[in-house]
Structures are given as C-alpha cells and as structure tokens.
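Multiple structures are listed underneath, in structure tokens.
Next come two complexes built around chain A: one with chain B, the other with chain C.
After this line comes the complex of A and B, so read on.
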C-alpha cells in the first residue's frame, strides 16, 4: 500500500536535512545551569545550615512538582491531589520507623514508591479506567476530594498522631550511617531528584511521550488511532504517584515530622503553583517554580517590615505570573515548539 | 462474504431520528459511497460504524465480529480507521509527528517507552508524507497547514493505521476543484489493500471513485446499488431534484 520508492524517500530526506533547525534549543542550557547551581549551593551556603535545609526542602518538594507535571504538563490529567500520595507515603515510612524500628534506605524508599504507586493506581482505577473517558473536572474534583478526605481522616486518627501528626521520625539509615539534616541529606535528595528527572525526561522524549503529547491535545483522536487512552492515563498517574511517594518519604525523614497538612489540598494546590509558575510540561520549569516559591516565602517571611503581610505579597506575585505569563518563567526563554517537543528524525529532534 | 454488515441500525438524538433501521452491506475491496441530502444520516452512520456514536438498536458486524458495542479503540484495533469530517489533526505537533503517532499505534507499551520502532517506522512515515505531498512540510506544525493539506494529512494518518476498512467523512470538504482532483488521485491507489466507505457531497467525485452507492434520506436507506443503477433510480432522482 505504501508504494513510494526508496529514491523518493532518500530525496525527501535530503530536502529535510537541508532545512534549518525549527527552534533554538534552550532547555538543555537551563537544565545544565540548574544542575551546576544545585552542585554549588551546599558549598556556597556551608556556613548557613538553615539555607542548606531550605535548599534540601526545595529539592524534595521538586519531586512533588515533577509528579504534578507528569500528570498535567505531559499528559493533561488535572490532579488536585498529588499531596495525597506524598503524605501517605511519608506517614507509611514514619510508621515503619516507629513501630518496626526500621529505616534502612534500601527498603524504605522503595516502600514509599510502592505505596505511592499502588495508591495512585487505586485512584486511577476509580477515576480514569471507566468505559467512558472522564471529564477533566471529574478527575480534578475526585483527586481534590481524596486529598481533603485523607487529611480529615488522619486529623482524627489517634494511631497516626491525629492533628499533631507523627514527630520524631526515625533517621534514614544506610547500614550504620544516619542521614541527618545538612549537606549529606542535600546530596541524597539531589541524587534522587536527578534520577527521577532523567527518568521523566526519558519518558517525555520517547515514543510513549509522543502518545502523551497527542493525548493532551485530543484524546478522542487517539482513541480512534487504537490507543487505550485511559490505560495510558492510569499508567502515568500511577508513576506520578510513585514519584510523589518518594518525595513524601524524603520529606518525612528530612523534617523528622509528617502531619495531616502534608497530604491535604493546601500542599496539593501548592504543587500546581510550583508547576504553573515555572512552566508546565518542561519538567525543569516546575523545579525552578518550586525554588522560586520556597525562596520567596523564606525571604519575605524574614523581612521585619512585611512580616505580617508576606503571604499576601507572595499571593499577588503568583497571581500576576499566572495571569500575565501563563507559560511560566520558562515561557520567557523556551518556545512552545521546544516545550512540546519533536519526535521524528527530520529537522531538529531531541 | 461482506466485510461490513449493518443490520437494522437506528439512532435517535433527543427527538430526532437520525438513523431508522438502516441495512447496508459493504464487500471487501469495494469503494462504497454514502450520499444523500443534508441531515440524511450519512455522517451519523459513519460515526456509528467507527464507534463515535453507539447505535440504539441493530447490529454492526465487521470482519465476522459483532462490534456494535465496541469502543473506538477496539474498532481501530480490529481494522477500522476514520477520517473525521472536521479535521482533527494535532495542531501543536509537527506534520511528521502526527503521522508517526498514527503509524506507531500498534506498538506495545514497552516498545513505545524504549522508542524501539522509531527508526523502522521512519521510512513508512516519509513514504506517506511523500505520497500525500506533505514531505516539504514535515517539520511544520500541523496547525500551520492549509485546510486542504490538513485534509490530506488526516487521510494519511487514517491510512497509517493500515486499516481493512477506511471511513472518509467528506474528504474534499472546503477544497478547491484542483485539490479535489488531486485527492481523488491520492485515494485511488489504496484500492487493492483497503475497503473504503466515503461520505461526500460532491457527486462527481463520488461517481468517479466509487463502485457502489447507498443513498440515505431522512435516516433511511432510499436505494443502493452500483453507480449506474443509482444514477438511473427514479427515487434517487426525485430526492436529488427536489431536495438537493
């Protein structure tokens, strides 16, 4: 049926090869800059342990932001409940530490990933795997409700510390070495974040990433191509839950505390803000968004003159960015074409 | 044996009976045209075949399998491919990536994740783009193509699924006479490999390309047969002279 001759195809390749690149790639430079900055930060801030703690928090919360970007930025799944998987995994490893006296890194981090994966898979089976495709509003409200209900549930459950949460979480261990707050924990969080980032980047640039890009634009069309769109959505949602679970475990170990607020709508919507502020669909954007929000919060809350009103100022800044720069900070330097990506072999491919 | 058997299919939207007990058989290897006045149910029937609508009653058997309640995904996997009436290309993806997306749809999940078929599908994608005169626009966004080129891209995407039955809903809608002529030339070569059902308002185009015609009027089959028979049919002539 496809009868074009080899000569035709070779000639067409020559024509394609002669064409200039369709866009100037900026994302690799942004990624490289972010990595260099992340490697320098602990040395530059060695004197300020509070700032190393802040930087570690940024890395950990970036996992939550990437989790949301996998859902919304890459796949078009509007999840308002990513903190649910973050928080539940954080509680799970805190309970394992408290009740089983166990906090070895080789078992507890995979356990947290498994908790996130299975819980998100369970939600996906209710919200995404029906015979008819669900609406975005249904998924958004379903995830939001799950996040809210879980927060209320643990707030009244004495076994998990009720409203006080679980404090004095056992330190994360590797054999006899204990990861305490500071440079060592920072680099642990950085290694985990880089590994997750590379995995997400691999997914985005693969042929599966092309399916997700198509799904985000017109999922009905993809069903007529023979793609099981709901299954792809459930898969990405579960993977995103796994990433959030990993972040929740690191957060719990790093803070030594996990509470109801770490799985509620507050943190879930903060993850949305991280992503929108930095630039959804780019993976690196949500990390920059997380750093911006957390650093701004830290700086503004420390200035005496504006201490009482810093959340208002932060809110106005975020509102302005979302209204006037809806493609986020990265939208200033990264073209739509590069953000969405290109998957074939002609012209400039990632 | 017919590739597609439609028996007593009816479809009602609120109070409008769009299809009313439609019976159609489509032989393998034929080019089958669906014609009729506006609102006669042509596109609704095509959508019922593709799975965009479920029939309220009746059965649709494709390649020996009852697909009446099958989802669009299941029908596509069974060998049905639809080109929408309103172009549904993915505007933010390149022309190349639109076709690649359709071409790779048979791939399994691990293969897609590992991009295992990207290189092997390249020749197939380029051949389709070459054939549909889109090779020089391969790197452009699909949304930047002219309307006629988007229609060709849609047909290329539908063919990329290697379907047993291709459903084309107004493939020349909004095209210039020259583009219509070219479209006919682009569609003709698929005949040895693929059965075609086509909905089209351009009767000259339909007459030139199809072997058999089904005429619908007010949701019912008015007449069907080969092109010569339909052209001579008094019932059809009456409808087309009084209502078209």
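After this line comes the complex of A and C, so read on.
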C-alpha cells in the first residue's frame, strides 16, 4: 500500500504536472532589488554630494568584499590579507599618476588588475602550491603576515610617502574627461562592480564553480578524483587578487589618497566582516554587508555618544555573526541549497 | 668588548619578552589547535592592570602579581562562554578571537582616551658587572622568563595534571575514555595561557609605553614563532620565539631598519613553508 502522500506524488506524475519547486529562489530578487536601488540612489541623493561619495565608496569597497568572498565563500581560503592586493594596486596607480603623469582609464585600470593578479598569484604559488598541501592555518597566517609586513614596509618607505601615504592622486581620465567625485564616478564604479559581479556569478555557476563547491564539501575526495585542488585554489585566489586590485585603483582615484592603512590587516579584516555579515558564498551578500556597515558607520559617526564605541560595536557584531549567524543576513532569507548553488544544464538541475 | 656584551644582553632581553608572550599562545595552540587572535589584547589587559594599580596609588608590584590572576579569570569566562564553541573549526576560531580582541582593544583605547601612559620601572637603575651596565628591570624580566619556562616545563612533565594535559594532547578521545575531563582541562589551559599573557603584559609595560596597540605589535611575530617552532610541542614555540625575537632584534643591525622588519616575516614564512612541522617534532609536549 502506498501512503497518502506517495499516491499523491504518483498521481501528479501521471498527470504530467510540473514538479513542485523544491525551494523558492530568493537570490535573483535580492540581486534585482540591489541593482534597482543602486540605479536610483544617485538621483535620489543628487542634492547631497557627501552621500553620493559615500555610495561610491560602498560600491568600491564592495569589490574588496567580493574579492574576499571569492576566496572564503567559494574556495574556502581564509584570507586575512585581501587588502594587500587592494592597497598595492592603489599605490601602483598613484605612483603611475605621480611619476609618469598618466591616468588614462583604459590603461591604468587594467594595470591595477594586472598588479593584483600577479601579486596574488605570487602569494598563491608560495602559500598554496608545493609538494605538501598547506594547512588552512598556514594560509590564513601567511596572508595576515603578508598584509602586516607590507603595511610596515610601506609606512617606513620615503619614496611612497611613508606613514603619510600618497595624497592628491592624479584624477582618473578618459581622453580629456576627468572623473571627479560625484555621479559620473558613481556610475563608473557601478559599471565596474556589475561587470565584476557578473563575472564572479558566472564563475560560481560554471563547472569550475562546481569543482569549488565539491572542494568545500570534501577536499580530500576531490583530490582522489584527480583534481589538483591546490591549483584550483591558487587560480581563484589570483582572480580574487585581480578584483581587489581593481577596487584599490578605483579607491585611490576616488579618495585622491592611498595610505599604509589601506593594505594592512585592519582593512583586510573589515572585508571579512563585510562578507560574513552579508552572507558569504552568495556574492550579493558581501555587497549588502558593505553597504550596511559603511552606511551605519557614516550615520552613527554624527552621533557623539556612539562615535567612540563604534569599533567596539563592530567587534560585537562580528562576534555575534560568527557565533550565532554564520550565514549572515542573507542566510535569513536564502536557503542553504541556493547558497551553494545549482549546476548542470537548466532543466536537468536537481 | 663592552658593546658586544650590551648588544647580546639587549638581544636576550627582547628574546625573553617574546618567549613570555609566545609561551601562552603556544600552549593554547598546541592543546586546542586555536590560534588566539586576542592574545595581544590579553597582553594589553595585563599591562592595563598594572596601570590601574599604579594610578590608584597601589604599588606596581601588586599590579604585576594581580595581572595573571585577573587574566586567568577573564580567560576562564571567555573560554566557557565563547571559545569552546570554536574547537571544531580553527579558522572560525581565528575570526571569533579576532572579534574579542577588537572589542577589548577598542574598549581600552576608549578608557585611555588615546593617550600614551608611561609606567616607571619598579626596579629602576642599572647595576654594573665587569664594567658593563645592565638595566635592572630587563635583568628581572630575563630571570622571570627563565623561571616561568622552567616552572611550566616542570609542571607539564612532573605533575599528574601535567600528565593529563599531555595525554589529552596526544589522544583526546582516549583521555576522555580514561575519565579525564578534557573540557575542564581546556578551560584551565586557556586560563593559564591568558594568565601568561597577562604576566607578559605586566612585565613589559615599563619598557614600552602603555597604548592600546602594545599587544598587537607582537601578535604576528608570536604567531610565526609558534608555527616556526611546531604546534603541539612545549620546546617548539619557545625556540621559535627565540629565533624570531633574535631576528627582530638583531636584523636592524645588519640591514636598514625599514627592510629588517618585513624581512623577519619573510624569512620566518619561508622556513615554515620548507619545514611545516616545525623545528621540534620529537618529544611532544
């Protein structure tokens, strides 16, 4: 005898009814909502230039957050040094602007990407590749050390401005048009962010993304299947460095300033907070996390009672997320299954 | 002749500071596999305890004695409430302890009001031996470090609690099966590591001015020391601390200081890469 539900299912199959959805897809709505919000913001805020600057900053820092999500959310590498690639690329384009008097967008942004890619590739080949697979602790501490050492090196190096950093970075140019802070820069950052987001989204749902998902589940088994796990990690880590480098260049142009603190563990761990708060592994989560943290800290920095304890609050938030809500804000509305993603051809997806 | 002795002594004093800081970190890392990012802030709290004692008119010596006790208590509470959730996930533990460290550091920064406070050495002055002047306080630190390392070693290798610790490290499941409460041991170990950090902070604060960042400047070096020496051993982190401390204090004499600092990290990382199991693999804790 079939039980009631089983007969129901059998009957519905016979009727040729579509299978009921296993879960409700939420991410596309979140993505769409975020995009609409991002498009509306500059018009809604056209009167307040400081808020447009803030919004641009959110977009740029989102690149850093996505870069960290590629490492942690997609390939399980805990990187405490994502700001290193961000900062070094920022310094690189600031130096090109200062010493070569050059800031054409078609050359400097690719240059920043290349700097990030190569530097991250160098780190990956040292930390990840080798005869013996490294422990995850070694990789985490290695990235932390790199970021810390770079900050110390730069803050003592006169050529790059030592502790003061490089200020009045040459403005980003397209032909004779100069991108100054404001709506134009906002849309430039938005275009870059959307392009990076689509690329990362494609990577996540591609066959490479499937391998990464398998690695997160059981790295050893993937290795037994013949995948060179560390090579995949190194590849994604390098791509993440490229994204961080792009963000660093935009940051440098937008703020007109880059300093040692922009490559240190402080900013690196802020990127961790962005990502975990929003929901790691979802790509859109880190963007929401960045927006939440940055907007709140902008609003609250006007309140005298909260300003001095804001870093303490951020610490408490990070601790609370790690302890009680490791899936982040998006974990509240997005199911585990959707966070991990679906693979294979549309229609055959299970 | 005098200058070499002086240099060697300064090197020794800095190595002692490093060993003191790394010892607690190494014991926690070996026992629970957790790299405690809040260790620098435990050092800070130890230093802050001395400052509180001194500014309220009590003797700094009382503060130095109280610091390990205060930190042991804090360690105990933190382990019970937070840290024990992270034993299964060492990477998440890094984030959790980082958050704890951030909370402590920024709170103390608020309390200090962003100022630097200097604390006088409880043993001021110098004493002269063979025509060379030695700072009394640094000598005290060196001797205390030797005493603590020896004491910890005797505790781990000669007492029954030490045997339980070594057993739980070797095989936690078997230790539990033998009726040893590993959970209680972990709590004690964490409190002990925190107490060592507190003592380190209390001892070094007269050498460096008290600021919220007094502990973080040592943190990355301390991590590398533990990795370098080998997690899971007692001698490893001590040797690692000696190596890293010696490099950090000695390299600025050989290369320009701007490069010396990052060079220490690079050398240490390369050694860890080539020898991931650490200096010491035999004779586990």
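The rule is simple: the second predicted complex is superposed on the first by the 318 of 350 C-alpha atoms of A that agree within 3 Å, B and C clash if a C-alpha of one lies under 4 Å from a C-alpha of the other, contacts with A are read in each partner's own complex, and residues count from 1 in each chain.
As a convention for this text, contacts are C-beta pairs under 8 Å (C-beta built on N, C-alpha and C of every residue); 3 or more make two chains touch, one makes a residue touch a chain.
Source: prediction; values computed, not measured.
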Thinking of the overlay built on chain A, is A:45 touched by chain B (first), by chain C (second), by both, or by neither?
neither
With the two complexes superposed on chain A, say which partner A:229 touches: chain B (first), chain C (second), both, or neither.
first
Which superposed partner A:208 touches (first chain B, second chain C, both, neither)
first
Under the stated touch criterion, which partner chain does A:34 make contact with: chain B (first), chain C (second), both, or neither?
neither
Give one of first, second, both or neither to describe whether A:129 is in contact with chain B, with chain C, with both, or with none.
neither
Chain B residues touching chain A - in the complex, by the definition given at the top
50-52, 71-73, 76-77, 81-82, 84, 88, 90-94, 96-97, 100-102, 104-107, 109, 111-119, 122-131, 135-136, 138-139, 141, 157, 159, 161-162, 189-190, 192-194
Residue ranges of chain A in contact with chain B within the complex:
1-4, 8-9, 12-13, 15-16, 19, 22, 131, 203, 206-208, 210-211, 213-214, 217-218, 220-229, 235, 336-337, 340, 342-347
Residues of chain A touching chain C in the complex:
78, 80, 126-127, 130, 132, 134-138, 140-142, 144-146, 148-150, 152-153, 156-157, 269, 272, 276, 308-309, 311-312, 314-316, 318-319, 322-323, 326
Where on chain C does chain A make contact in their complex?
35, 82, 85, 90-92, 94-96, 98-103, 106-107, 109-110, 220, 223-224, 227, 257-259, 261-262, 265-266, 268-269, 272-273, 276
